[in-house]
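In the two complexes that follow, chain A is the common piece, with chain B as its partner first and chain C second.
Entry: the complex of A and B
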């Protein structure tokens, strides 16, 4: 049975400063507990402009205009080293401005829950008509908009979630039920953000992969949101909702959850579905979350920095049957943190990294690049969480020393060679393992890299159903060019088998 | 002499990407100290 391949990946960001203020959980919590705090009073002056977000080096790496190598060559911090005149579009995707994204939320809303003002609708209609991936049929879903007075009425009288752009009220998201908390305006808002950003990532992937959308048979969505009603809170299914707007008419799908580890779980599942010949092309996709916007904002502001968590993330990965060219997903070399693994760093890294390597008779140094928790240290260091990718690489290197595969003095050299700086926004599942997949395809195809390990970790304990956390990993490697051999039996072979059996039978009779 | 004795009360905040709470608990259990709270947090 031939392994599946990773054919293509796309990455998108949405600059969302107004959502930082109104929808980030750090800010909404502060509004409840300290409504008159200095942080809230001055927050707007700590937000970056769209141009500043575009010119931010880690964001440019995320959409593929810059590389992890560029990041390594630029000393940290990167926030004070803008890449001037950067482009909104990159080879992997784009950084969408907030107004167009609010329009996209309206476009993907099929229950008429997003209400936008007439003036705002007309301004974004023009912009979205110029967007390559958003066709006229999609733009027509914006309709003409509402009177702002009606929008205000919905907010004041029916708990609608307000939508702001540039500090002005431009619309709202209505609740989808009068009393169901799972269909409240807040939940519908978060789910539409996740859906819209997932759709944008899927549209970029289809364009990049140059694939006929009809050929995608299954979609696995792996965000951290839940959609459903009061009778089935996490019923789903974002996957099919995204597939509908990405034009994947031959696809169905399902949602995979596992906190930040979900994307790696999803890639492993997709690879298995393709290897088992259940489906030929599986799309793994996820949008981002607004709750995590400005999560560490207070620490950033305290240190005189702008609020760096001002973007929503999204990505998509296409997993397909072996084409003899694209990198192979070695789903026989999968690591997993099991219930019995335990939580010591040694046990965690053994189960995630060295156990699968041992299965393939590989050493820690045989993996050219490890894609771990790729959180941007510009965001995490000022918040006291340190350099997360670096902490993960240190643990992998330490186990390498323990196994005698590298010397203690080679730890920094190992991290330099096999590790990378983090560039992904702290959107939970967005930085976990997957940010390097797009570069991995390019690096493997160009021969710079042979083997890559994607490692995803998830904080299950946050859901209060278990104290455990989770992790899975998978190896991706260069395609040896051999497609699956035809294992069928030819007519000639059958004749030979029958002839052989007849000869044996005749010989048996003669003996008697 | 151990830094913990039978009068010590220990609060453990572990880090998922560093040393998780249960791993620190195992170390503290080798001392006479009492663990009054232990949790692992995700700082990202």
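Entry: the complex of A and C
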């Protein structure tokens, strides 16, 4: 059986400053506990403009206009080193402004729960008509909009979640049920954000991969949201909901969950489905979350920084049958943190990194690049969480020292060569392992890199169902160009065999 | 917050003199903060130990006092790798400082 390949990846961000204020859980918690706090009073002055978010180097790396090498060449912090005149669009995707995104939420809403004002609708209609990937049929779903008075009434009388742009009320998300907490306006809002950002990532992927949408047979969605009602809270399924708007009419799908580790779980599952010939093309996709916007906002503001968690993330990865060209997913070299692994960092790194390498007779240094939790240190360092990717690389290197594959003095050299700086927003699953997949495809195809390891980790204990933590990893490597050999026998071959047997038989008869 | 609650409950149940807190925080500042919380009280005044000075004995897993009192093989297996990764000296300094100032036992 031939291994599956990673064909293509897309990455999108949505700049969402108003959602930082109104929907980020740090801010909504503060509103409940300290409604008059200085933080809330001054929060608007700490938010970045759309241009500032676009010119931010880590964001430009995320959408592929800049590379991890560019990031390494620029000393941290990056917040004070804007890349002036940067572009909204990159080779991997785009950074969408908040107003267009609110329009996209309306477009992907099939239950008429998003209500936008007439004025706002007409302003975004024009902008979205100019968007390459959002066709006229999709734009027509915006309709004409509502009177602002009706929107206000829904917010004041029926618990609708208000939608703001540039500090102005522009619409709302209605609750989908009078008393069902799982269909409340808040939950519907978060789910529509996840769906809309997932759809945007899927649309970019289809364009980038240049694939006929009809050829995608299965979608695995791997965000951290749950959709369902009071009788089945996490019933699902975002995958099919996203597939519908991405025009994947021959696809079904399902949702994979595992906190931040879910994307790596999803890629491993997709690779197995393709290798087993269940499906030829599987799309792994995820949108982002609003709850994590401004999660460390208080620390950023305290240190005189802008609130850097002002973007929602999304990505999509296409896993396909072996084309003899694209990088191979080695699902025989999968690492997993098992129930019995234990929680010491040493046990974790052994299970995720060295266990799969041992299976392939590989050393730690045989992997050219490790894609770990690629959180942007500009965000995590001021919040006291340190440089997350660097801490991961140190642990991998230290394990290499313990195994005698590296000398203790080579730790920094190892990090420099096999590691990268983090560039992804702290959206949980978004920075986990997958941000490098797009670059990995390019680096492997161009011959700069041979093998990479994608490592995803997840804090399962946050859900209070287990004290365990989780993680999985997988190796991706250069395609050796050998497509699967056809082990079966063709009709022509059978005919040849029969003819040969008949000739032998005839010759035998003649001899007699 | 949940951890503060558990530490408080355990200290009440078994007596503060019978409790040792072993920290595993990866950063000196965070480890120092945790040490301060279980000795002098929560300096951020956010959790159940705000204004509660338990004065517990507190050590970080990389401190020599802890290292010497456990099986070296187990230590090497569980912590050996992290000992290489962490800034052990500054962690030890922070935690020791808090312990010497505020620990009552």
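Methods note: the second predicted complex is superposed on the first by the 489 of 512 C-alpha atoms of A that agree within 3 Å, B and C clash if a C-alpha of one lies under 4 Å from a C-alpha of the other, contacts with A are read in each partner's own complex, and residues count from 1 in each chain.
Just so it is clear, a residue touches a chain if its C-beta (ideal position, glycine included) is under 8 Å from a C-beta of that chain, and two chains touch if they have at least 3 such contacts.
Since the structure is predicted, the reported quantities are computational estimates derived from the model, not experimental observations.
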*Could you tell me if A:469 is touching chain B, chain C, both of them or neither one (first, second, both, neither)?*
first
*Touching partner for A:344 - first (chain B), second (chain C), both, neither*: both
*Given the touch rule stated above, what does A:391 touch, chain B (first), chain C (second), both, or neither?*
both
*With the two structures laid over each other on chain A, which partner does A:40 touch: chain B (first), chain C (second), both, or neither?*
neither
_Quick one: is A:133 in contact with chain B, with chain C, with both, or with neither? Answer first, second, both or neither._
neither
*First (chain B), second (chain C), both or neither: which does A:169 touch?*
neither
*Between chain B (first) and chain C (second), which does A:411 come into contact with in this model arrangement: first, second, both, or neither?*
second
*More residues of chain A are touched by which partner: chain B or chain C?*
B
*Touching A:401, do we find chain B (first), chain C (second), both, or neither?*
second
*Indicate the residue numbers of chain A shared between its chain B interface and its chain C interface, in ascending order.*
342, 344-345, 384, 386, 391
*What residues on chain B touch chain A, complex-wise?*
14-23, 26, 39-40, 42-44
*What does chain C use to touch chain A in their complex?*
26-27, 29-30, 77-82, 84-85
*asked:* Considering only the defined contacts, which chain A positions touch chain C in the complex?
replied: 342, 344-347, 349, 384, 386, 391, 394-395, 398-399, 401-402, 408, 411
*Residue numbers on chain A that touch chain B, as the complex places them*: 260, 342-345, 348, 373, 375, 380, 383-386, 388, 391-392, 426, 428, 431, 457, 459, 461-462, 467, 469
